[in-house]
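Handing you a structure now.
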């Protein structure tokens, strides 16, 4: 085997040479793509974008590129997000587009690919969108993980990307300048729930933070813990569970042993539902229960009694009532439909009540629209500048971005609303907004058991 | 003595497959190993070349205790074997099969040398024109030759042949016997398990007979073929057969 | 070396190099990304082939090396500030080391037991990394965009990573070829065909298997670093995705296991096919089912894969299709 | 007398390797026939071809005048063609009784399973004692009895034995022999395929000698036993 | 600490029964034909959806719906065997692994297209049983009983009925079974059908207490591997014991370390057992 180790060594040496040689070999410039788009594009290529600012420009179609998770674990949320975006686009185009002061009319078109809910192809597809398909503006995929991969490409080609369905803070701490977040970041997902708890019962001191051991929930809960501790709460349990967990019984036993008054945490849809159901079946004595992601989904109602009293942070709720007046109150610009208009348009188009993912998709479109309107131009630099200076209010809520180099693009305007499942007079399960106080549609049930 | 087997016993579960087998083999001889089916002959081979570790006894090859050593150890020392149920490397060519023997056997050749050896050996066993065929496409007789070629390519000191004649027709048997003699004449010591008696009687210097895992006879071919115990083991007990005969004619 | 004059090697290398050079000619970043995905698959499939195709051991969890290598590399890049080159070598080294440790143990298992054990190893590694705080636990690690500035900015960095990937892929093919046509490789093939017979012929099987395992693990380790460097972040479920592991086997099977060219064609073909299905208006909703159906047909009717089938049917091609 | 099983010009083998080169053999009804020959001459291949484990290449296998060469193995017991295979091939993880039940799976035998069970327990009282014991734990002789008994449970019209006596102690051989005599008296047609020449020839009515995939000698067993060729073929003397 | 040990052990063991029945299906198929069925997970998920669809559309009691699902599982398995497995039953393991994996891809592909990945839940409850510190939903108790019942029936079938004995005979010695007149191809199809039936039942039982998606079967498939290795591949009763061991382990581990370490422990143990005793802690067929 002596010869073999030699072979291995020499291979490593060759490899080192190859690596070194390749280091200097990259083409110096990012040539504009010369290849015509190949087949397989889901939409007919729109006419090429006119050079911005050209005097003869009368009508410009801006192409929005994104990937969607048509298959795989993010399929449902991603589909809702895409539907929301399409609805926005249709409404703008049907209204005749955005008219700029120089008379140019801006309409939109979109192009998207399936990312299969996994990372292997995201960069390939976004590069294709950015270079070959000449997308002018980008929307993120669903989920923080896929978005992180897409952000590298958007930044590299200097394309503006509005992220939606991607709440992690870390993406906005990597020095990007073209990536803007429509969602309230993970770090503020549950802080409102802590405030809600404080307003409901000043005597509660013990909270348990339990979470799915995944990127999103861990970031949310870590921030929530710091916030809760700063508010003087005692965190009696801070523990994760594996993302594949279906059986929470032993975990719940552990929670009971720690004896918290309130539980905050959760993860995604499946585990959240399972957790809530089993916590109820175990009859765990708990006064307050806030759970990530799962509760705002309509199918959470399938849990029946187990859903009653569960609180969930939501990016947006159909009941939320933001109006031009509320925009005026904080000095922001108002844009787009009212909440109920959005809901009825969405129901007319797709037959379902919109989830907050759908609203997020629509909001991403509104953010682009707002930026173009305020830039009064389709020039990418101008749009970028407009986004940096944006202070917008829509049915989805307030939008404003952090522009510091450390957190560029992080959403700082928007905040979560908190819903709670309650029984209405006729005994049906309904979602009520319980926090913040200004938007509340009902008093929170407290304690829940 | 190139090989000494000292009091080797081997059990499979409750079954004693070999019981206190002892034999000494001087260099350059052909030892015939015979016995009815299930007598433990192949098991003895497996113990000698390290496929099985015996529960009792020792195997000493070229002065070294190789009891329980891995098959590749004894292969490197110069022991090669063929199998009763041929084990060709089907998806490799005939030449590559033989090269494996040359590369990893006693002399540890590189590929180029191995290829030359393979050509020679294949010529020697009469498979020269089939070198590029896949081994899986050979017929049984050819596969037997291939096994032999593989073993020879490792330039062994000791060669264990397990029923190389089975399934061959008389003329093939004759030529194989010549081949085996020629190998011995090159100084290779051979143990051959064989059922084709006239052949094994002709080429062997000595014969050991196993029955139920026990050595029931040992000696020159002549001595052994006259040994009543051997005749009984092979043809069945003539007395018993007689008794049966009487019964059947009652 | 006689081996280097074989048309089989040059065919595989030339095909890969030609496909790999395509983005340089067009200058299109989009082509480059497509080609990167294909090269990544070719390199992974060819590495796996050293174990699966030559040695006959079905590693279902081979992706563990890619994931672990990627993690090691990203850790060194983002937390320790080492250069990409060192990170790539370290990724390969840690993967090789794990294979060496595992090789001494799980390679004793045969057939389905080995396959199950590799799944177990991958899942254990994923679960472990999910709890391993230095690697970011469930959050993983994200590379700062400014890191790309060391390599001339993101645009140049991505071209550079592509160049390295191309070089690495060619190297994997070369290694795959050299292994197959070496004495070491002959021993592996003998083990694949019949491990017991091989040992009897003197092949030191435990050692040979372990080295084959190590060799087939080093490259995925390096590739993992490249991929996640390009990707900008790494998370446990992306790094240890069992599905990708099985896709690697599928690619090897499609092209023909145990051949040099097979995994190259199999990987390229598989990725093209998936790419087409993904954007096809008819199939995109059931592309997974269509891919499954095609795989089933291959397994049932062309088990030797495309190259293997050709080699059997047209013996003249054996010299060309290694 | 008529031939119950008639084999004509049968050729077969494995893959591309031909083993049988035109075998002719017939089993007269009610007769105990033996087929002897050294290792690897094709005896087992012949049995496998008859039972349908491998398909004949050319030639015919007729049973009661009906061609059965093409039928799959599991259809043969339905017709009454049953093999007691070499190495017993018992269901080692199942009980003795279950092994016997597995013998009686064909449609004809199933109806009489209870009587047949009593019959084989009568023939082999030893098996009755071990009824619920796992077959794998029986001694070699008991296993061979079980294999024979299992074959009988199928209500065979032709019962074939591959190496029945292999590895058995003389006293057991004697027992089995008596059983064969008994079966012959009951009119069962049997084929005994054996390496053990003396044993086979001493019990059979008629014998075939096989070498290299062909029948080289046939005749009444007593006559065949006298032929020096037979001894020569075995011991080379 | 000690006050949570008992309830956690009970919770774990109850779930262990269901793990056991899922693994039993995998183990049965392995035992009879040496095939590791990689479509096991999706079939478990189909079992979940079977119960869900019947319950939500007809309101039929889930435990009655289980009979329908079991029958459908049996048929599905026989079809899968005929289409995907029979041709490669004697091929190397790689072929059967990939053949069953392609079935996995087909089910997941079509399943995602038709059923989406929205988490579903059966709004069905039997309330909870409380004894001292132990509170367990009746659905779990019922699932444990169902498992014991199914296991009992399975053993009765395998040891008393004729087809069951044929299955054991084919598993034990396929050549001899053919020689005895047992049509082995049909028996293999039946065995595969039974294996998938057990998977479907497991899925149905799980659906009565956990929410699920079409992808949910995957983790039970992985757990089934672990269990089979614990209990010995090819040994159905061993699978039940293996399931109880795993369930117990999952129940007790969180008392001693962070819950997220459970899978590390599980798979670490899995590899360790494979290395030390590939035939499983409880042995398997020889």
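Should a chain be cited, it is by its letter among A, B, C, D and E, assigned in written order, with residues numbered from 1 in that chain.
The definition used in the following text is that contacts are C-beta pairs under 8 Å (C-beta built on N, C-alpha and C of every residue); 3 or more make two chains touch, one makes a residue touch a chain.
What you see is a predicted model; the values in this text were computed from it and never measured.
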> Minimal path length between subunit D and subunit E through chains that touch?
Replying inline: 1
>> If each step moves to a chain the current one touches, what is the fewest number of steps from subunit B to subunit E?
In response: 2
> What are the chains that subunit A and subunit D both touch?
Replying inline: E
> If you take the mean of the Cα atoms for each chain, which one ends up farthest from subunit C?
Replying inline: D
> Among the chains, which one keeps its Cα centre farthest from the Cα centre of subunit E?
Replying inline: B
>> Can you work out the whole-Å distance between the CA centroids of subunit A and subunit B?
In response: 73
> Whole-Å distance, subunit A centre to subunit E centre, using C-alpha means?
Replying inline: 37
>> How many angstrom lie between the centres of subunit A and subunit C, each centre taken as the mean Cα position?
In response: 33
> Between subunit B and subunit C, what is the separation of their C-alpha centroids in Å?
Replying inline: 43
>> For subunit E, give me the residues that contact two or more of the other chains.
In response: 109, 112, 258, 260, 263
>> Where in subunit A do residues touch two or more of the other chains?
In response: 71, 213, 240, 242
> Residues of subunit C that touch two or more other chains: which are they?
Replying inline: 127, 130-131, 182, 204, 285, 287-288
> Who touches whom among the chains?
Replying inline: A-C, A-E, B-C, B-D, C-E, D-E
> Tell me, which parts of subunit A touch subunit C in their complex?
Replying inline: 1, 3-4, 7-8, 11-12, 14-16, 18-23, 25-28, 30-31, 33-35, 40-42, 70-71, 113-114, 116, 118-125, 127-128, 130-133, 145, 148-149, 151-152, 155-157, 168, 170-171, 173-176, 212-215, 217-219, 240, 242-243
> What residues of subunit C sit close enough to touch subunit B in their complex?
Replying inline: 2, 181-183, 186-187, 189-190, 192-194, 196-205, 258
>> Show me the residue ranges of subunit A that touch subunit E in the complex, using the header's touch definition.
In response: 71-76, 213, 239-242, 244-247, 249-251, 253-254, 256-257, 269-270, 273-274, 277-278, 281-283, 294, 299, 302-305
> Which residues, counting only subunit D, touch subunit E once they are in their complex?
Replying inline: 51, 53, 72-78, 82-83, 85, 89-94, 98, 101-103, 105-106, 150, 154
>> Which stretch or stretches of subunit E touch subunit A in the complex?
In response: 1, 3-4, 7-8, 11-12, 15, 109, 112, 116-123, 125, 128, 130, 135-137, 206, 209-213, 215-216, 218-219, 250-255, 258-260, 262-263
